[in-house]
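Shared between the two complexes below is chain A, which has chain B as its partner in the first and chain C in the second.
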Partner chain A sequence: MNWRLAALKNGFKDYTAYRVEFLMEILGNAIVPAAIQWVLWYAIFKTDGATELAGMTYVQMLHYTLVSVLFNQVRGGDQDFELAEMIRTGQLSNYLIRPVGLIQFIYIRGVASKLLISALSLAIGIVLSVSVLSSEASPLRMIGAMLLALLGNVIHFQIGAVLSAMAFRWEDAYGLLMVKNMAVSILSGELLPLNLFPESMSWIWKSTPFYLYVFGPAQYALGEWTHLEFVRQLGVAFLWIFVLWVLIRFTWGLGIKKYVSLGG
Partner chain B sequence: MIERLKLYARIYAIQLKNNWVRETVYRANFVTAVGVDIVWILVEVSLFAVIYSNVPSIAGWTKYQVYFFLGIFFTSDALFTVFFQRNFFNFSDLVNKGELDILLTKPVHPLFLALSRWINLTAIFTISMGLMIAVHYAPQAGFAGGMRWALVLFWMFIGVISAILLRFAFAVWIFWTDRNWALVRLYYQFFAFASKPDAIYPKVIRYLILTFIPFAFIGSVPARALLHGLELWEYLALVLVLLGFFILNTILWRRGLRRYQSASS
Partner chain C sequence: MQLLFKPEIQTHFALKDVSFNVEPGSFVGLIGANGAGKTTLLKILSGLIPPTEGSTRVLGYNPFERPLDFRRKIALVMGQKAQLWWDLPANDAFDLLHAIYDIPDKLYRERVQILSELLDVKQHLQTQIRRLSLGERMKMELIGAILHWPSVIFLDEPTIGLDVMAAAKLREFLKVFNQREKSTIILTSHNMDDIERLCSRVLILRAGELIYDGKPAGLLREGERRLKVRFSLVPDLEELSRITRLPLNQISVAMSERAEDPDLAPETGGVYFTLKQDQIVPVLQILMQHGTIIDMGIEEQSLESVIQRVFEGGIKP
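== the complex of A and B ==
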């Protein structure tokens, strides 16, 4: 347990060493995606005079934008790129001789900043839920939604860890991880609410776990999902975590056998 | 003058050859990079496809006009990626690690060497993808075609020049900061504004992306100029803004060089 706490502490120190950059990253990640979403809704509702978009009004769209920005702060991280790079360069050897679970260690060290950001986002979300958002929103829902977003963060890293194992066989897994991140940007609900997808195409986002990162938490926080639906989605999240855990053990088990310490 | 130009051309030819050799060595990387670019294009197009499945137009722009804009934007951005992006990524290392020293001793402008060393040949594929999208949707978007295609070259040039000036304005602060990773990230955050037609933005944002942070010049203004033409004041603003950025960058570069202390900078 001690090494986990130490890894968390070190990770936190790493990220806050350059405080101005840390703050700029948070602000940049929050303001720009929110502004991009807002201008789209502004153009459709205010400039073109639409009253509804996929059953959502302008105010509902803005609420979605506000809340999705909070959960978007929690999603993802770059630890999977770190894993792939370690395999590629052979630095993995330094970690294999340590008495720690490598994948857990890299995740915990990288998640430190996200935990801080999620606490901040939760505090803002709770204030929003009792002031700006609709009556269906509540602090309790916000806490539940943040829990789902954190599970999404775990899933995101697990997928990255499975993909980074490709670096054992291929000279570079960087491209795969980039493709995954790009798919996440549209299928997580970060850029727009996923119910804007035509019904015939909704299977695309429903068949990946990415919607659990932003869209799912936002739906629950805004009162669009019932408590029962939320519990069901929690179950789905844990199922993904289990399946991906098995996949990590399988892919890394195979990969390590091939690893020659000079690189993948 | 001619001799100087010949020298620069010769150096660039050598850089090109070196980059070609490097790209052919890492073939898997080449395939991966092309795959990443295709997915990026798909994501950007899908975003608008999803929105247009719900509405007929956005701020007066039809689906086909937006696709035409995307084609122009992808091409312009890919041209920047091919010739300049990697150089800007490595720019901070030049200053932080003192690697700029060696460039300052060469008999050509150090910025020429700094910004021409790395060429990303894989993005050439994205240029062709962008052009294909633009050509495919041009008739439905209402682009007159014919001789006006020649103007595409001019507007591509404007797009790339705008991207260089903007990216440099974000990169040059490395002379004053420990590391400019946050500024680089901020550039790419703002870059998202370039990937939408400027007509959809509210007045204040539109004013900003046409003046102080002119990301609209990369793809949006060129696409609008090709489709509808610009008003006289817009041409004037374009020249003034780009000139302003050029002067600002030159001043910052010179002051930065004065501050540069090799590895300790």
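== the complex of A and C ==
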């Protein structure tokens, strides 16, 4: 078996070793942002009596909530924290001596569970697209949106890998990764649709790739983006992946020279 | 506040002027007190860190360049760093290593069978790593490390924390593997049994310097005994040297032998004399004339005691 497939299989077994924990994580990731959004929309539209917010109705907001929950499940995990911790504790040594690409190996092992979740999310999304969502939504759009969300997963890991390389210099990159995750929560669209940002401030989310994780896929799945726009955003995603790949090679190439493999 | 903006950084050289060659297929023991530089040396040899000065070649490769071929031919087992995944059974980890090292299926199955039988852990292959005892886990780590039949194996304290039986089994296995597969093994250990029973050559590091390179037996001087004498009053070593006419380097203060005592403390009134058999009686007679002896005994020299004295600086190898 190819080592990448074997790493996927191994990673999947590792993440599902405790099934209840695995399911709780999925439910937690779905319920918390959905609940926050629902409470907010209810307060604005039902309690306060608004009919539209940033051009979206109550139903449209709820559709966004439903779809964003699906893509939020696919958003990157915590492999970047794992990388930083391995640098700090010297556990990285275990991987450096293996004849595989370290970053690739950690990513593949970590993404295994997300692939299963994305398949389940896609199935749910397809059902939603033909039943609950507006007529602009379709199974084909849902498949495309999931592809974009998966590219977002790659980008998320890559950013984390670049930031975790700071642990070579600072010994710990936990704080930096936490700040990145907080920025992702706001700028990915997992808590709020990004079109709620005032037009004058939209450059903030547009200048990061975080919107490709949840907001972008949701826009395409809900029919808010044209096919042409979707293709353009795919190009943007691949460009980010390339730039970040170069950055990983650079930061890790420098960092590994400072690695001291602590923990005797 | 000053530390926040200007952290104090101290540079410490872990190794100084260490130079040696190892013949293929040999079993070399690397020993030294804590902080002597043993693990640092293994990290350099396995390519984890580069030497700040000088160069290393292992199997013809510069280890720090870590070419894939080099990584396929080496193994590193660190007693204090688990390589297998805690929540998975060993078999799952071995399956992944099987793919990583591209080991043919039949060979892989044979190796897992042979190694797990040799190390007596076959019945635990399907057990989660975290549920295994330390000894069983260490054996699994070793299997995982050598499944690809490496040409060079670096072992950093592989018997740490193991009980006598598990350590003996592991030692036996390493001996057989080294003899049968002609793998070069470099072993660090604080357990002198490991060194005495396995290594044909010993490298001793003290404060980063290589102070001995040779056969373990070379550390033992033939016919020498250690006379341990406990006096009622703590004697002066120079005075003892003068009255016994023995050089000062053959007289040392006996250290506490309590196993739980990490920092050996001088034993009250205890003194060691390193002597030839025929010197023992005359020296004892002189000592009895000059002071009150509470207790005495004669010890054979063990490698462990010799090495301990080397670490303490009492013997120049």
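Some observations on this one:
Here, the second predicted complex is superposed on the first by the 261 of 264 C-alpha atoms of A that agree within 3 Å, B and C clash if a C-alpha of one lies under 4 Å from a C-alpha of the other, contacts with A are read in each partner's own complex, and residues count from 1 in each chain.
Note that a residue touches a chain if its C-beta (ideal position, glycine included) is under 8 Å from a C-beta of that chain, and two chains touch if they have at least 3 such contacts.
Predicted model only: the values in this text are computed from it and were never measured.
Using the contact criterion defined above for the overlaid structures, shared-chain residue A:Tyr18 touches chain B and also reaches chain C. Residue contacts after overlaying the shared chain place A:Ala7 against chain C, while chain B stays out of touching range.
Which of chain B and chain C touches more residues of chain A: that partner is B.
With both structures placed on the common chain, the touch criterion links A:Gln91 to chain C but leaves chain B unconnected.
Residue contacts after overlaying the shared chain place A:Met182 against chain B, while chain C stays out of touching range. Once chain A of one complex is fitted onto chain A of the other, the partner contacts of A:Gly253 are absent, as it touches neither chain B nor chain C. By the touch criterion stated above, A:Gly235 is placed in contact with neither chain B nor chain C. Where the contact sets of chain A with chain B and with chain C meet, they give residues 18. Only residues 18, 20-21, 24-25, 28-29, 31-33, 35-36, 39-40, 42-44, 46-48, 50, 53-54, 170-172, 174-176, 178-179, 182-183, 185-186, 191-192, 196-198, 201 of chain A touch chain B when the two sit together in their complex. Of all the residues in chain A, the ones that touch chain C in their complex are 1-3, 5-7, 9-10, 13-14, 17-18, 90-91, 93-94, 96-100, 257, 259-261, 263-264. Chain C makes touch with chain A in their complex at residues 39, 43, 46-50, 66, 68-69, 71-72, 74-76, 78, 80-83, 85, 87-88, 92-93, 95-96, 98-102, 128, 156. Within the complex, the chain B residues that touch chain A are 26, 28-29, 31-33, 35-36, 39-40, 43, 46-47, 50-51, 53-55, 57-60, 178-179, 181-183, 185-186, 189-190, 192-193, 196, 200-202, 205.
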